[in-house]
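Below are two complexes that have subunit A in common, paired first with subunit B and then with subunit C.
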Partner chain A sequence: MRIALAGNPNSGKTTLFNAITGRIEHVGNWPGVTVAKKEGDVKKELNRSGMDIRAVDLPGAYSISPFTSEESITSSFVRNEHPDVIINTVDATSLRRSLFFTTQLLELGIPVVVALNKIDLVKKKGIVIKTEKLAEKLKCRVVETSSAHKKGLSELIAAAAEVCGKGQEAPFRGAVDLDSTDEAAVEAVDRERFAFVDRLVSEVEIRKTDSAAQTMQDAADRIIAHKYLGIPIFAVVMFLVFQISQVWLGPWLADYFVGIIDSFQGRVEGLLGDGVSPLLSALLLDGIIGGVSAVVGFLPLIMVMFFLLALLEDCGYMARVAVVMDRYLKKVGLSGRSIIPMILGTGCAIPGVMATRTIRDLRQRRTTAMLTPFMPCGAKLPVIALFAGVFFEDAGWVGPLMYFAGIAIIIIGALIVKNIAKEGPAKTFFIMELPEYRFPGIKRAAISMLSRAKHFIIKAGTIILVCNAVVHIMQTFTWSLQVVEEGMENTSILASIASPFAFLLIPLGFGAWQLAAAALTGFIAKENVVGTLAVVYSISNFIDTEEFVLVSGAGDVASALGLTSVSALAYLMFNLFTPPCFAAIGAMNAEMGSRKWFWAAIGFQFGMGYTVAYLVNQIGTLITTGSFGDGVIPGLLAVACYVGILVYLMYRKEQGAAAGVKEAA
Partner chain B sequence: MWQNIVVFLVIGAIIAGAVAKIITDRRKGVKCPGCPYCKDCSAGTICSLQNDIGADEK
Partner chain C sequence: MELALANIFFNRKAKNSKAVKQHNLTHAEVNRPYVIRGIDTDDRSVKDFLFTLGCYEGEKVTVISVLADNYIIHVKDARYSIDRDLAKAILI
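And then the complex of A and B:
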């Protein structure tokens, strides 16, 4: 038996799905977190029917007639894939809004069980719902549930098993079919449907207005979502998140963690002894263990950061950030919905890019998919933490600066795309249901953090391990498979591949082949930047920066990598603002659905990363030393070329532009 | 000599294990090991989205 979980956004479908299947899918206290369907088997202890029950979690939808592509996943699944039962998750605190979709589902003829979810909140608010009467009026089973507290779940599954194969009566049937394309007729039916739901709710719900609680929520929103105060509040919140994860708590945990890794490495070194070939010993100790542990050493910092971000999501703050950003994004041709992919992109660019499907306008969707990877993702955190720790003495401002630089680039990028596409002023409306503030669930945040940590470790033990081993072998041998002699590192396979790229990076202040190699491996996975630096410089511990002092043989930590603080900042920004990893690039390609837009996006990202790094390096060097850095003229030519192309595209004649956009679409 | 062989085998086993994990994951539909969203991609949702985009454009 297959059951579909369908309901409005933020009605708790994924929390219910996780509770009944035992899976750990990402949940968030805001609409639009789920953009793809997910499947899992219902846990045996909840299933007393003896049948094998498979649950399918669907993206939230307000109507069976889809407006956005993730709504169309829900619509096409319930209509075309014929689930045996639909569990309609209804937010019991907003019955009036939720039952519109319920009445449409009931028209499909598939047995429906209504899960009256968030029932604990209903009781807290003093709302009374006459469940039996509601069931009678809807002509279907209604079960009170609280998926967050795992209440009513076995009753819900039992009800689903009971109605399987029994058909479904509809309490309301419109004069026209749900598939009708007659807009006027559909509108008339929708009005009738709303009236039916209104009458129904007034019969089954007794709502006591809790003005004090409303006022507190509203008062908080008046400050947090304020059009001017909202931005500095967001800046302070992000600063605190970084300060706690990268400066206060994170490094303290990382020190302890790195101590364990170091002692493991020491033990392996002791076991190998002097009888083992130095080549094999170096491959194992520096290439494999050193490279992987350099990346894994940042795990505590990342875990603390994700824990804090999960708390912010869960308490309802992130939904307010979307509202705050809406007015600014609208001005540059995006919508408030664009902020949701960007916030999701701080975890991983892939779900961020996938979440662009919630945006209805095609140009806005593609622009958002192009710009979302500019938000530093979790994989870039080790790179940020490394450079903040090594070159800026663990300064708390480096992390937030990268995020705000990402936002600034997104705004500039959106303006550029808007001008290239020659879009006139368009009225876009962003309606977002603001979830109530609540005390964030520590357990939920811990699960989210552990899930990400698990994936991080798997990545370190597979892709990053293999990459580091390959990098180590490539830097140990020449093309004629001779071992590279001491002092002749430039003859290695790795150096010969990376050197041409390093030449192009001289104007950016980091023309060493080692740094170019690290940037290149970063396209496989961004954590590889740290892993490769560890391998090519034979450093396994990036957390304890005293080790750098030993390696460089001088008090200047930065000299270990041959970078000044300015060029280190440029290198960090180059790695953050050039295209993301290949997996995210693949997601961009799929979501954009246009080769022209895709290649334009890749070119735009490369150009933006190069330009930002060039400006940071040259202007920074001028300020700190009084003269420009190396390669100022060739770099200026490259940047001018990039800017020139953008300016040409932005100001070309209207006719050509329109044709170009049409072709791109 | 035997020490080198043992270390060589250990290194080979570690790398082979990592490669085997990547390959088995790929066979299970996990295209990017370590990506928390890899299963969504392999479920074909992105591909189905392309159809949706196509429908919108029409």
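And then the complex of A and C:
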């Protein structure tokens, strides 16, 4: 049998889904995290019915009539796909609002079990709910649950199994054959529905305190989401996240971890012995193990970072960040909802880009999909960490600077797109339920962290491993399949492919083919930048096990790479702010649904990455050495070309703009 | 013809006076319950969406706090953050 989980946004559907299926879907303590339906089998230990039960997690909805795209997924699923049972998760702290949707679900004739979720919060708030009476009035089973604390789950599944196959009586029935185009009539019915819910709630619920009263939380909000303080607080929080993950805790864990990798590499070397061809052993040791371990070495650091980000999300802080950022995003023509994809994008750009479908306005949705990848994602963290360690002595400010640079580029990009598209956006509204602050679940954060780590390791063991092997082979052989001679590295396949690109990068301060090759492999997966650098410069490990610093012999690595701190910063920013990896580019293509927008986005991202790197390198070089770096004129021409195109597009005649928009739509 | 003109004139007048008289949530005092008098928006779906949150005429609403450009409002035992434009559309 199939159970659909439906309920209001942030009522805990995905938490419940994860708890009953043992899956680890991304959960956020804020609305709008789930944008597509997800399925999973209910765990055996919760399911005593003997039937196979499959659960379907649906995006949050306030009503059965679809106003947002997530709501339409939910309503079309419960209406058309005939689930056997609907579990309606209800936030027990706001029955007056939640039961509106419940009464609509009860009309469908599909058996409904109400999961009275967040029941622990109800008790804390001094609210008393007469559950039995509620069940009697709603004419369906009601089970008290707390999905965050895994309470009431097996009772819930048992109730669902019991009602399976039975019909459902509706306690309140709006006229079924109502003409949905008759707005007044629909509204009248819905008004009655709310009145019915109000009467019902006053019978079953006793509130000791007025929920409209000011609480400590509201006082906290006034500081955390303050007009002027909000941004500095966010900056401090991000700085702490980086400081802890890269300077305080990260290196300590990485130390231990890299020790294991090192001994593994040593053991493989011993196993191979002398009988194996040196070519093969170099491929295995330097190419595959060396490259992969350079990437995997950063795993502890990334895990610490994701753990902290999960804590922030879980405690309710990220929802406040969305409120703080809303006004800035609106000024540049984005929707307040655009912040959600961007925050998800800090983990991985793909779910971030997918989350843009919650944005109603087409232009805003496409613009957000185009700009979300500028947010540094998890795969870019090893690159940031490497450069922070090698060139900036593990400075804690490098990471946050990259995030704020990303945000700045997003804002500039949004302004540019707003001026190019010229289309007055449909008036959009930002509405978001503010979740309550809560003590973040250590276990939940740990689970989220482990699932990220798992993805990271799988990726390192597949795509990155293969890429490193290919890179190693390509730099070992010439086109005539001869082994590259010592001192003739420029004749390798890799060098000849990467050199033309390297030429283009001279104005940015990094014209070496090795660096160009690393940037190129970065489009397959951004972690590859680190792996490829390790392979081409045969640095087996960036992380030192002797010293208590993140990157070993920072000076040696810096001289091997042949970059100044300025050009290193330029290289780092180039890798962060050019188009994302191919997988994320694919997601962008899917969400934009327009070739024209898609190619414009790719071009825009390339131009942006190039321009930012150019400016950082040339201006930085001018400040540090007193003169411009190499290739200032050709680079200037390229950047001027790019800016010229943007300016032309922004100021072209209105008529042309209108035609362009039409075509795009 | 005359009638039509008179109608236009009359409607415009009515509209103008309405704009002056009506208060919306941005004028609300923090922490004081108000009764919603109506939702003023051209966008039907916004009105319908607000309705599903329990935000419609006759319901009680309280502004809990004003954060940056967002208003934290309390409707039907739940709290939402809404932006200034939306707050303007909620007449009290």
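Points to keep in mind about this one:
Here, the second predicted complex is superposed on the first by the 630 of 665 C-alpha atoms of A that agree within 3 Å, B and C clash if a C-alpha of one lies under 4 Å from a C-alpha of the other, contacts with A are read in each partner's own complex, and residues count from 1 in each chain.
Assume contacts are C-beta pairs under 8 Å (C-beta built on N, C-alpha and C of every residue); 3 or more make two chains touch, one makes a residue touch a chain.
No experiment lies behind these values; they were computed from the predicted model shown.
When both complexes are overlaid on chain A, the residue A:Glu489 reaches neither subunit B nor subunit C.
Of the two partner chains placed around the shared chain by superposition, subunit B is the only one that A:Arg357 touches, whereas subunit C remains out of contact. In the superposition on chain A, contact of A:Arg452 is made with subunit B only, not with subunit C.
Look at A:Ala583: by the touch rule set out above, it reaches subunit B but stays clear of subunit C. Touch criterion not met for A:Asp120: it reaches neither subunit B nor subunit C. Once chain A of one complex is fitted onto chain A of the other, the partner contacts of A:Gly336 are limited to subunit C, with no touch recorded for subunit B.
In the superposition on chain A, the residues of subunit A contacted by subunit B and by subunit C do not overlap at all. Subunit B makes touch with subunit A in their complex at residues 3-4, 7-8, 10-11, 14-15, 18-19, 21-22, 25, 31-41, 43, 45-50, 52-57. On subunit A, the positions that touch subunit C within their shared complex are 62-63, 65, 67-68, 91, 93-97, 100-101, 183, 187, 190-191, 194, 207, 211-212, 214, 218, 221-222, 225-227, 230, 319, 323-324, 326-327, 330, 336, 426-427, 429-434.
Across the complex, subunit B is touched by residues 26, 35-39, 69, 72-73, 272-273, 275-277, 280-281, 283-284, 288, 347-348, 350-351, 354, 357, 362, 365, 451-452, 455-456, 458-463, 465-466, 469, 525, 583, 586-587, 590-591, 593, 665 of subunit A.
Against subunit A, the residues of subunit C that register as touching in their complex are 31, 33, 43-46, 48-49, 51-54, 56, 62, 64-65, 67-70, 72, 74-83, 85-86, 89.
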